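Labels A, B, C and D are assigned to the chains in the order they are written; within every chain, residues are numbered from 1.
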C-alpha cells in the first residue's frame, strides 16, 4: 500500500525524470551534450516507484540508461545535468558523463556502461548490509538484454545461496538496442521463468503501473529485510525514443511506438491520483510545471558551470590512505 | 532403448575408464604423473552412455575431470596416458596434460581447465552443424559447480534462442572441490529447475544408471536432430576419490563415500546385464580383464614414450596458412 | 580504386569474403537489421540471410566461445564486438581458449576466427567504452593482432585476417570509420601480416604510430618538414606478428625514434617497441626512444579531459624535438 | 622474528587484520573448511565463522563484483582467486569496475579491496593455470600491484594491501608457498608500496627480478661473485606504484641491467622497466637492457617444456655476461 505522501513523491519523481530526459534530448540535438545519451522516457514508473521504497542508506546500481534511477535515488538535477555536459560541477567532475553517475552518499553505487556490470556490485552492497547486520537493502536495475549475460546468473545464484537482501529489477523494455527480446532471450517472462533457476520469488509485472510495482516491491523488500533473500522483479515497459539519441530505429514500427505511448505511465498514474482524489488536476499540473522549472534551473546551472580543469586530469586515480 | 551391441560397448567403456583411472592414481602415487589429476571413478555411467549415442562427427567438450569423456569419445588409451605423463606421443605432445586432452578427429573439442570454459565451445560446434546443415549434435559435459558460472547461462540462452543441436550434460557429483552443491547452488535439481530459465527440457536423473541416462539422452538427441533445440540433462552421481589426487577430503565423511560406493554404476550395470541375459558373469569378467590389459599396454606405451623435444617448444603457436 | 570510408571498406570485404566462401559467417550484437551500430555490416542481412548474419544476445563470452567452437568445427566465423572494451567480459574465451587451443592441444587444431570491433576515444563514450586493449593480445601468445589505420589497410588487412587460419584480433578505431580513402577494387587485394608500412621515408627521426596515430604522425611529419626536419613515419600495421626489422633498420638510419599510440603508456605497445628498437639499434641511438601513450588514468568523458589524456600532435612534435636536440 | 612459510605468513596477516578490524572479511572458493587449496586461509573459518570466511560458488565475476560492492559499502573485502588465471573470467569487474570506480565517479568513492591469489608455473598445471598476469594491471590504471617474493614480503606487503583504501592486486606465486623465511612478529609490520628492495648492492650490473626471480637473481649474483662480477639485485616489490628511482639510480651506477620475470617477455613488465631505465639512464648505459621472460607460447604441461619456456638461472647468467661484455 502506498501512503498518500509517497504517491505524490512518486508522481513528482516521474515528472522530474520526464522533464529531465526531454531536456537532455533537446540539449543533445542542440549539440550541447556529447556522447551516448540513453533516454528512459516511458519507463519512469519503475525507478520512481522502486526508489520511493528505499532510503538513502539503501543501495542501487544502475545502467547506461540510468538518469531515471539516479534522479529517483535523490540526485540533484543540476549536478546530474552538469555531468551529462561533462562539467566540473557534475557528479563525476565531468569524467563520467551520462552513463556513469554515482552518488554514494545517496546509496547510488553507480550507473554502469557495461551491460550486467552492476548486478554483482549490488549483491556486494547487500552483502555488506548482511555483514554489518543492518536492515539495508540493495536494488540492481538492469535491462531485458542484460538478463542474458553471465553476471546476471552469477549474481542471482550468489544472492540466493547467501540469502542476501537484494532485489533484481529487470526493466524489460522489449529491446536491447535493435534486438527484440524474443530474438535474444529464451523466455517470455524473465521474472517468473528465470527466478526458478535460483530458488527465489519471481514476478513479471506491468512496469507502467505504479501500484503493481509498489505491491511487488513491498513484498520483495520485506523478504529481503526478513533475511529470506533476494527476489527477481521483471517490469514490462517500453522506451519511447531510440536506444540512444540518434538511433534510426529500423527495428520497430511507428505504430508500435504510438501504441505504447498510449500506455504512458505518467498519464496513467495521474489519472489514478485524480480518480482516487489524491490530487486534483490542477495540483498535478502544478507538479508538472514545477518539475519543468527544476529542470530549467538545473540546465542553467549546468550550462553556466565551468569545464573541468585539464591540469587536474590525473587526480583521484588513487586515494591517499 | 539400448541395443545389445551398444550395451556391451557401454560396459566395456565403463571398465576402460575405471581401469584407466585406477592406473592413473597408482602412477600419480608413484610419482610418474605430475600436475592435477582429477579422477572420475564412480561417474563412469555418464560418459560411457552419453558417448555411446554419439558418432565421431558429433562433438563434445569436457572438463578438468575429463579422462572418462575422452575415452568414451574414442581416445586411444596409450596416447591419453602418454598425455597424462607429458610425453611426446600424447594427444597434445605433452603440452596439455591431464586437463587438456582433445582429439578433433573424434569430435572431442577438448577438455578445459577453466570451469565452464567448454560450454560456449560446444554451442559453437552445434552452430557449425546448423550452418552446415548436417545432423551433427554437440554435448557439453560440465559439473554441478560449473552450473553457477556465467558461461553456463550464456550458453544455454544462446543455444535456446538459436535452437541449436546441443545437449548440456551436468555431471552433479555433489561437490565442487570442497564445496557441497547446497552451499554453492541455489537449486536442488539443476536440470529441472534451471532449464525453466531457458525454455528447454530439463532432466534431473540418476547418473549412475545407464538405462535412465540412455532414455533421456535419446530424447534429447532426437530433439536436437529435429531442429527443436537444446536440452539440459543433470546426472546425479558421486566421485569416489578426492577432487584431485592428494585431496585431504575434510569436507565429507568416509561413511558418505562408502554409501556411494555401494551404488557403483559398473556393478549395477553388470548386474543388469547378467540379470537380463545380455552377458554372463564370465563374459563380464573377461571384459574387465581386457580393459585392465588395455590400460596396462597403454601405460607401457606411455612409459616407454619419449619426452617432448624441448627444441620444438615454440612450434605450433600459429599455423602456417 | 574506389573512394570508400573505413567502415565501407570493412563492410565490403566481409561481403566479398562471404560471397566467396560459405564457411564465412558473422555474428554480433545488432549486426543484422541494424547493420552494426557503426554500419560495418549494413546490408549483409539482406544479402546473406539471418543464418549467416546473426544477431547475438548480449553475452560476449558465450558468443565469442560459440565462434571458437564453430571455428574448431570447420567454419570461419567473424565475431563483432561492439566495443573492444567488451573483451573484458569475454577475456577467458579469448585468451584461455582461442589463443591456446592450437598450441595446447598439440598443434593439430585450427581456429580460423576473426574478432573485430572498434576501440578508442573520440565519441565521448567514457571510461568503459574508450579503451585501447591491443596490449593484452600482444602479451599473451596465440592470436594475431591487426591495427588498420586507413580504409585501404582496413580492407587489405581484414581480407588477410579472414583468410588466416589463426584467431585474429582485428582492431578498428571508432574515429577512423568516417575517414575516406582509396581502396583497390581487386577482390583479392590483401595486405600481408607482419610487414610494416613505411608511410614516409625520412632521415632525421623515426615516428612509429599505430591506428589513429599513423595519420597524426604524418601530419606531424608535414609540420616538421617546414622546419627542415625530415621524419620517417612507420605504421606497424600488425603488432602480432611484428615487423621488428623495418623499425630497427629505420632507427639505424635515423638514430632517433618516437613511438606513439593511444593505449595507455605504461606497459603499452610502445614499451615493447621501444625495447625492441633499443635492443636492435642501441649503438645507433643518439637519444632514448620516447614513448607516448594515454596517461595512467581512466579515459574521461569530457572532451577537454579526453584530449588532455591522449597524446596530441603537439606532444608528438615536442617528443621529436626532444629526441633530436638532447 | 618467526620462521614461517610464505603461505603461513599470508594466513597470519589475514587473521591478524581480521582480528583488528571487523570490516575485513574474506571470500573465495574453498577457503572455508578446506582452508584454501594452498592453505592460505587454514583455520580462519574456525576463528571467524562462516560470515566472515565465505566459500563462494564458482563465479569469479560475481564474487569479485560482490567484493567491489561490499567495499563501496564500507567493508574491506579480501577476495581470493584460486588461480590468477581466473582474472580472465572476472576481468570486467576488475578492470572496468574496481579499477575505474574511484576516478570515473569523480574521486569520492573508495574501493578498499584486496584481490589475492597465486600464479605461475611449478606444479604442472598447464596453460590455463600457470600464467603470470600482472601486466594487465600495470597497463590499465586504477589498481595497485604487489608481487611479494619472500615470506617476509608477503606479510609486510599484504598488511599494507589490506590497509590500503584502493583496490590492490596481490600476486602470490605457487612455487613460493612452501618457502620459509624470517617474518617479523610485530603485528604492525608493513612494507610500504612503491619502494623497491635492494636485495644486494653491487657495482658491475643490475638485475631486476620479480617474484620467483628475486631469489633466482640472488642465486645468480652468488654464482657470478665467484667469477668476480659484482651484481646489484633489485626486487621492485610493487609494480604499481613502481619505484623507478631506485632502479634508475642503480643503473646509473652499474651502467648495465638485466630485467627478468616469469610473465611473457613480449609486452611484459620487463618492457616497461627496460624502457624506464633506458629513458632515465640512457647516457649511463653501456649496453641495452636485456629483458628475460617466458617465451611467446602457451605454458606447457611437461616439466622439461615448462622449463624451456621460462628463464632459467643459466639464461640470466648469459644475459648478464652479454650486457657486460658486448
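In this text, a residue touches a chain if its C-beta (ideal position, glycine included) is under 8 Å from a C-beta of that chain, and two chains touch if they have at least 3 such contacts.
The structure displayed is predicted, hence computed values, not measured ones.
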Report the chain whose mean Cα position is at the greatest distance from that of subunit C. B
At what distance in angstrom does the C-alpha mean of subunit D lie from that of subunit B? 36
In angstrom, rounded to a whole number, how far apart do the mean CA points of subunit A and subunit B lie? 44
With chain centres defined as C-alpha means, what is the inter-centre distance between subunit C and subunit D in Å? 30
Once you find the CA centre of subunit B and the CA centre of subunit C, what distance in Å lies between them? 40
Multi-partner residues in subunit D (2 or more other chains touched) are 56-57, 59, 61-62, 85, 88-89, 92, 96, 103-104, 126-128, 141-142, 296-298, 300
Among subunit A residues, those touching two or more other chains are 92, 95-96, 100, 112, 114, 117, 148-151, 153-154, 157-158, 161, 183-185, 317
Should the pattern of chain-chain touching be classed as line, ring, star, complete or other? complete
For subunit B, which residues are in contact with subunit D within the complex? 34-36, 86-87, 92, 94-100, 112-117, 145-146, 148-150, 176-179, 183-185, 250-251, 307-308, 310, 313-314, 317
For the complex, which residues does subunit C have touching subunit A? 29-30, 32-34, 37, 55-62, 85-86, 88-89, 123-129, 295-298, 300-305, 307-309
Residue set of subunit D touching subunit C in the complex reads 61, 85, 87-89, 91-92, 94-96, 99-100, 103-104, 126-128, 131, 135-136, 138-142, 263-264, 266-272, 274-275, 278-279, 282, 285, 287-291, 296-298, 300
So, in the complex, the side of subunit B touching subunit C is made of residues 59, 61, 90-93, 95-96, 100, 102, 104, 109-110, 112, 114, 117, 119-132, 136, 138, 150-151, 153-155, 157-158, 161-162, 315-319, 321
In the complex, subunit A residues that touch subunit B: 148-154, 156-158, 160-161, 183-187, 193-194, 196-200
